[in-house]
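Chain IDs A, B, C and D follow the sequence of writing; residue 1 opens each chain.
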Amino acid sequence: MARTIRIQSEPFSAAAETAALTEGRGDVGAVVAFTGLCRDEGGRLKALELEHYPGMAEAEIGRIAEQAENRWPLLGLTVIHRFGRISPGEEIVLVLAASAHRQAAFEAASFLIDYLKTRAPFWKREHLEDGTVGAWVEAREADDRAMERWS
Amino acid sequence: MARTIRIQSEPFSAAAETAALTEGRGDVGAVVAFTGLCRDEGGRLKALELEHYPGMAEAEIGRIAEQAENRWPLLGLTVIHRFGRISPGEEIVLVLAASAHRQAAFEAASFLIDYLKTRAPFWKREHLEDGTVGAWVEAREADDRAMERWS
Amino acid sequence: MKLVYFAWVRERVGRTDEEVELPEGVGTVAELVRWLKGRGEEYEYAFENEGIVRAAIDHVHVKLEASLAGAREIAFFPPMTGG
Amino acid sequence: MKLVYFAWVRERVGRTDEEVELPEGVGTVAELVRWLKGRGEEYEYAFENEGIVRAAIDHVHVKLEASLAGAREIAFFPPMTGG
């Protein structure tokens, strides 16, 4: 199974990553791509700053990917998570799941992002339009619930 | 709400369509893209031929899109379905759903492709590697069940 | 009234479309199918299993009981297999 | 043993990492937290709500009861907010 996990500050290309997953093969029938973007929170936000735990971020996402691979008949899987300063409209995270059929691809992509949200060691802080550094984003209970539906 | 529906024989660019949905706006937090590709069925298949009902295809997908828009807080929605001859590894259909949060985007994209499969007037016929024209693809009961879970 | 056919329904009927004048007493899709089946074995073959063939009136899916009143284009086709 | 801190835990402690010699009797993550809180008010502040701060041993999430035996790097951080 093709598995790609990258933690980087640079932007990524969802198209190039999808092509890398599917090129030259005839067994992939479905690719689901989730892209998480930075919102401007109604104009209040100038940027998000993403801190991460190098080493553990890759390891933890690897463990989450392995769970997904054990659970669904996947043909490929890509997770790219950015860190550093990210402006509204920019991409933060990409999850790709490829399978022969759509249900496995949808479920695996949804599982991966639910787990990433609550298990991958990343923390967001807001930088506001008024120039101040805002609070660290608080964990959402909705994200915990989203993860729990998989167990 | 930005809504794009296209029926075409040419390939499409998922990246360009995603960019068109998100560019210049700060309210989109999640984009889910489903791409359906032509499989080679273990090397048996040379191509799929897709017939459609012009006029009704656009109208029916429009009605499905409207249902999705009424059901989830979407910020954008794109459906592109190809017709004609499509080789293994090529893309057949693209569904994009954009929202502030990921759950709406995942559910809407999943709903759209489930409905497309069973309601949009397209029919697939197989062209085989041995040069013969194979059978019309039969509708899958699993697709009917997938659609029924939304009602 | 225009009739259009797709996929294997089209192949069995042997044409993509045709104009027909409905006779008296043909008021629903089911009655139209029954009338068509009386017109020749190609129609008999296309509609041999009436539960399979789907219909649309003016680009909208309909059931066999649907009325033809006001219809301009009736389509017949197998279950859809797009996506 | 190396301790590393992230996000507001790092800010409250006032450092990104440090090397510590564990005293006798500190065998679990919970005991480490208790010992750290005795070292100064910055630690007291960082761990004021013990139910909130998460821990990892050598890049693996652990609970407060986890043993420190064999650990090289212990991390403390708030609930994650990536994705």
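We take it that contacts are C-beta pairs under 8 Å (C-beta built on N, C-alpha and C of every residue); 3 or more make two chains touch, one makes a residue touch a chain.
Fair warning: this is a prediction, and the values are worked out from it, not measured in the lab.
Minimum number of contact steps separating chain A from chain C: 2. Under the contact definition, chain B and chain D share the contacting chains A.
Distance between chain A and chain B, defined via averaged C-alpha coordinates, is recorded as 23 Å.
Taking the mean of the C-alpha atoms as each chain's centre, chain A and chain D sit 26 Å apart. Rounded to whole angstrom units, the spacing between the C-alpha centres of chain C and chain D is 72. Along chain A, residues 36, 113 each make contact with two or more other chains.
Chain pairs that touch one another: A-B, A-D, B-C. Residue ranges of chain A in contact with chain D, taken from their complex: 36, 50-53, 55-56, 59-60, 81, 92-93, 113, 116-125, 136-139, 143. Within the complex formed with chain A, the chain B residues making contact are 13-15, 18, 22-41, 43, 45, 88-89, 100, 102-103, 105-106, 109-110, 113, 146.
Within the complex formed with chain A, the residues of chain D that make contact are 4, 6-8, 56, 59-61, 75, 77-83.
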